[in-house]
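Following: one structure in structure tokens, then a few remarks.
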Amino acid sequence: MFTTTILVRFGDLDAAGIAYYPNLVNFLHEAFEDFFVGHLGRPFPEVYAEGLGFPTVKLEMEFLSPVHYGDQVDIRVTVERVGRSSLHMRYQGSVKGRWVFNARTVAVIVDMKTFRPTPLPSWLRERFQAALPPAPPTE
Amino acid sequence: MFTTTILVRFGDLDAAGIAYYPNLVNFLHEAFEDFFVGHLGRPFPEVYAEGLGFPTVKLEMEFLSPVHYGDQVDIRVTVERVGRSSLHMRYQGSVKGRWVFNARTVAVIVDMKTFRPTPLPSWLRERFQAALPPAPPTE
Amino acid sequence: MFTTTILVRFGDLDAAGIAYYPNLVNFLHEAFEDFFVGHLGRPFPEVYAEGLGFPTVKLEMEFLSPVHYGDQVDIRVTVERVGRSSLHMRYQGSVKGRWVFNARTVAVIVDMKTFRPTPLPSWLRERFQAALPPAPPTE
Amino acid sequence: MFTTTILVRFGDLDAAGIAYYPNLVNFLHEAFEDFFVGHLGRPFPEVYAEGLGFPTVKLEMEFLSPVHYGDQVDIRVTVERVGRSSLHMRYQGSVKGRWVFNARTVAVIVDMKTFRPTPLPSWLRERFQAALPPAPPTE
């Protein structure tokens, strides 16, 4: 299990003094980047520079509690499914143990030269699969 | 039915040259603002200044096709349900007749002084209800 | 003289309920884009797609008065100097006749394939020069 | 002398794959926040919550070299002048020893209840003054 922490900055706030929700969506991408370097062992900018993109095609997000200025948001990143050319990810955000958001995304792997879906390279597939939570025990 | 059009700016783009998806989430809020002044007949900033907030508590969004620099995104805004202190909205984005995103949000109406849910004021409830699509015919 | 108008959106605000100043810097770029289509007669996205970039290398900006939610910011765009591979621009923002910012930028024209400075193409140079304010009368 | 480091995220990039300059302006505010907690010894969000604001009234910034995805930008923060109700700050950004930007800002200290200028509280004035670089030796 991988968790990263993102600090809420002044520029993330809205007029109500809480994080504006599109900025929390941006936090998901930041957590995805941190997951690459921190859990898969490769910086995302390197993988991106090699021509792989991961555009998000689906997003579901619940905002459970307001996120305030200066909060440290702990984001737990979980791989839920590794498809041939897709990744199902989950992001659970909390501040000091209180859940603040819960999100699921589906990203498609694309070849940045053609912007067409492409299978995950095997080295990356292996790392994502190794990051899957253990299957529940069967009898 | 209400449709507003938002121009994709340079600042909305990502390194792939397409709209970065958190910025498309921001488009939903802009469409909500345009819906107020264009369909409900009150500018959102006025309503907000009077102490009503509409934080988003749930978001579902599909990104169907890339959105490019200079695109005019037509966003059809539909009220799906008017609750006591909540609004279910739908946003369907298209560019020149091609669907680019489909989103649903749930917003809660809050009193900005307390940040607690509050019933929709009756004048606003009436306008949102008048904006509901007609019920399908029954036999 | 060219003026464009930009509406202040919820996403532009900071926790003080006024436009966050980096977002007003973004307004300068939006005004530059509007100047292309509205005054030079070519949409900026088209010019950009043809491989010309205009990165800003210098910015000076005074924030004269707070910009509020729902404000329509009128931005007067002036060409101050047309260099071989550079443009000196001025942006004067006002709301209902009250000045809110005053900015100068220097942009360099680059070939996007090499990201190296390149002379302004002659068709574009002519249009920028035609946009220069008239010289003051001499005796 | 105080230096903080900010990572360039995917959301900071423009279509050219480099940091969009309004986002680098946002980096200045992030560096100002880090300066509070790291050098003055109080988190900025706390000071802000107590009712002090620091709106920027003037900005000068040179963009010396492109900033790329994944860059760690080291920002040296210097206090240049401490006025009664104003602060002159300097921000020098570098990546691996190469200068990428150089900025100066003037912020005004305001009482957030009235949004009017207010003198720096003495505790904060002392800390800012202690952060001034030493005067050059005189004979």
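By written order: A, B, C and D. Residues from 1 in each chain.
Here, a residue touches a chain if its C-beta (ideal position, glycine included) is under 8 Å from a C-beta of that chain, and two chains touch if they have at least 3 such contacts.
Keep in mind that what you see is a predicted model, and the values were worked out from it rather than measured.
Peer 1: Please give the intersection of the contact partners of subunit A with those of subunit B.
Peer 2: Chains in contact with subunit A as well as subunit B: C, D.
Peer 1: When I count C-beta pairs in contact, which pair ends up with more: C-D or B-C?
Peer 2: Result: the pair with more contacts is C-D.
Peer 1: Look at all chain centres (mean of CA atoms) and spot the one farthest from the centre of subunit D.
Peer 2: B
Peer 1: If you average the CA atoms of subunit B and of subunit C, how many Å lie between those two points?
Peer 2: Chain centres of subunit B and subunit C, defined by C-alpha means, are spaced 29 Å apart.
Peer 1: Mind checking the centre-to-centre distance between subunit B and subunit D? Centres are C-alpha means, answer in whole Å.
Peer 2: Chain centroid spacing, subunit B to subunit D, equals 35 Å.
Peer 1: Roughly how far is subunit C from subunit D, going centre to centre by Cα mean, in whole Å?
Peer 2: Centre separation, subunit C to subunit D: 24 Å.
Peer 1: Provide the list of subunit D residues touching at least two other chains, using ranges where the numbers run on.
Peer 2: Residues 10-11, 15-16, 22, 26, 29, 48, 69.
Peer 1: Which of the residues in subunit B end up touching subunit C in this complex?
Peer 2: 9-11, 26, 29-30, 33, 43-46, 48-49, 68-70
Peer 1: Which of the residues in subunit B come into contact with subunit D in the complex?
Peer 2: Interface residues on the subunit B side: 10-11, 13-17, 20, 22, 69.
Peer 1: Given the complex with subunit D, which residues does subunit C contribute to the contact?
Peer 2: Against subunit D, the touching part of subunit C is residues 15-16, 18, 21-23, 25-26, 29, 48, 53, 55-64, 66, 112, 115.
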